[in-house]
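Two complexes, one shared chain (chain A), two partners (chain B, chain C).
Moving on, here comes the complex of A and B:
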């Protein structure tokens, strides 16, 4: 029998309300000093990260968030024994305490922005050719032709990046003053201008949502995907060197949740 | 959380981009007895490609700064061209595509 972990909470006693986890097993709290790890038993030897697993994990974390501060663990975090689990908590205890304090009464919002990359690139190329911002070499060899092409690409890419940064700064400005912390991923694809996670005080959620409304209503050719509040999946920071296993934010949890949750479901139903 | 919002007017576009981000890289080098050669080649070529790109970037910065003579540009171009052709050759030998030459560094993002 293995142990599946959902999250670390700022509570070390027995959970009062029954919560059902994966494989319909009851959730219980394994305490260490003044914190706890919420877990359930897991029968199978190995498991894939299925849609069901992700949704059930998320459901448990959200249920826990009603009463506690939660450090949600990566999907499919499994321990062989309770001793293994406790030695992990012992190792990271100080980090867990600091994160629990930092994330107390906070939630996460996700903000993705798509921009018209092709149009912008075309505009940059046009300007490049018009301004003759060219390399001044006489083109008389394959090597020089090669350099000329590379240089053109370099200048265009650079301008594209700068334009992206300007645009991201405008978007971020709507949320920057409200959020406590943020993580901005720029241009993960040419079109995905921004993939941002913002950490927000629970008390300022409405303010944050209003900021999005303002941004959405401002004239622009940007497309937005706004989501939240979520558990603080992307804001757990460990100062201790992680072991060979990463328990927390090793990947974009919101992307995975969006893909598996509302988005995938709606798309499949079309 | 009952007050969750997932709001967009461009669902299909975002699905496409999210899938691109998720699918772009395997989480680890896929090395097993059957494809160990390709797995190692992928790792080595990824590092070579990173160095090649850094060299190329540095060269373009120097051109932009105007610190290279025509002769130096010629020499540099020849070197970069040969390096790129050799990389192309090696990628074909090991059946690797451009987008495969990358590594996911977890919280640090992608190598390139």
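Moving on, here comes the complex of A and C:
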């Protein structure tokens, strides 16, 4: 029997309402000091990722969000024993506490912005060919043609990036004063101009949605996919490294051990 | 939860229920597969390879662009295909 973890919550007592998790198992709270890890038992040795089980995980986290601040675990976080689970919580306790306090009464919104990349690029190329950047070379010089093409590509790519940054700044400005924190991923593909996550106070959700409505109704060639409110998946920050790295893999630890034995000089001199 | 997923700028754009669910799933995938509390170490079992976030993203892009094509208004720059 293994233990499947859904999230860390700011509550260390028994859950009052029954919640059903993966494999129709009941969710319970494993407490550590003043926080808890919501878990259920897991029978199967392995599970395939299916639409159903990932939505079950999300459903549990969202159910917990109604009453608690939740740090959602990554999907498919499984422990062999409750002792393993507790040693993990003990190790990350300060991190969990800090995140729970920072994310109290907050939700996440997501927004993907798609722009007409081909049209933008074509417009940049047209402008480029009408400007002084255009270098005249004789067509019978392959080397010069090669250099010219490289130079053109560099200029066009640079302008494309700058145009993207200008456009993102305009979009982001709609939410800047409302969001508490944000994560902006730019141009993950040429078409995906922006993949943004915003952290918003629960009390300001409607304000945030209204800002999106304004953005959506403003004239532009942009396409939007707006979603939320979500659990704060994108705003969890763990500062501690896993214990296995701390104790077995680092150069520092090895040097410290050698120094204790008086071997540091010899090792460094090798 | 009162989840809203809105796509496209056109107010008349339409998502049928199945497609809406698909987009919701992809948004969940985009978060739950490598975000949240990510514990790495010996005490966590690796049940399955979950490094699929960009796969989800590509499918999502394709979904939006496919919708555009279905609506008879091809979107410039639509090159991604489902992976």
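Everything below uses one rule, namely that the second predicted complex is superposed on the first by the 228 of 270 C-alpha atoms of A that agree within 3 Å, B and C clash if a C-alpha of one lies under 4 Å from a C-alpha of the other, contacts with A are read in each partner's own complex, and residues count from 1 in each chain.
Methods note: contacts are C-beta pairs under 8 Å (C-beta built on N, C-alpha and C of every residue); 3 or more make two chains touch, one makes a residue touch a chain.
On a predicted model such as this, the values are computed, not experimentally measured, just so you know.
Chemist: Between chain B and chain C, which makes contact with more of the residues in chain A?
Modeler: The partner making contact with more of chain A's residues is C.
Chemist: Could you say whether A:178 touches chain B, chain C, both of them, or neither, answering first, second, both or neither?
Modeler: It touches nothing on chain B or chain C.
Chemist: Does chain B (first) or chain C (second) touch A:51, or do both, or does neither?
Modeler: second
Chemist: Looking at the overlay, does A:141 come into contact with chain B only (first), chain C only (second), both, or neither?
Modeler: Touch status of A:141: first partner only.
Chemist: When the two structures are overlaid on chain A, which partner does A:188 contact: first (chain B), second (chain C), both, or neither?
Modeler: After superposing on A, A:188 lies in contact with both chain B and chain C.
Chemist: So, A:151: does it touch chain B (first), chain C (second), both, or neither?
Modeler: A:151 sits against chain B, while chain C stays out of touch.
Chemist: If we overlay the two complexes on their shared chain A, which of chain B and chain C does A:236 touch? Say first, second, both or neither.
Modeler: The answer is second: A:236 touches chain C but not chain B.
Chemist: Counting only touches as set out at the top, which of chain B and chain C does A:7 meet: first, second, both, neither?
Modeler: Only chain C is touched by A:7; chain B is not.
Chemist: Which holds for A:19: it touches chain B only (first), chain C only (second), both, or neither?
Modeler: neither
Chemist: Shared contact residues on chain A for chain B and chain C?
Modeler: 62, 65, 112, 114, 188-189, 191-192, 195, 209, 212, 223-230.
Chemist: Considering only the defined contacts, which chain A positions touch chain B in the complex?
Modeler: Going by the criterion above, the answer is residues 62, 65, 107, 112, 114, 135, 137-138, 141-144, 146-147, 150-151, 154-155, 185, 188-189, 191-192, 195, 205, 209, 212, 223-230, 246, 249-252, 255-256, 258-259, 261-263, 266-267.
Chemist: Write out the stretch or stretches of chain C touching chain A in their complex.
Modeler: 1-9, 23-25, 27-45, 47-48, 50, 52, 54, 57-58, 60-61, 64-65, 68, 75-80
Chemist: Tell me, which parts of chain A touch chain C in their complex?
Modeler: So the residues of chain A touching chain C come out as 2, 7-8, 46-49, 51, 54-55, 57-58, 62, 65-66, 71-80, 84-85, 87-88, 92, 96, 110, 112, 114-120, 188-192, 195, 209, 212, 216, 220-231, 233-234, 236, 238, 242-245.
Chemist: In the complex, go through chain B and note every residue touching chain A.
Modeler: 1, 3-15, 17-22, 56-57, 59-60, 63-64, 70, 73-78, 80-81, 84, 106-107, 109
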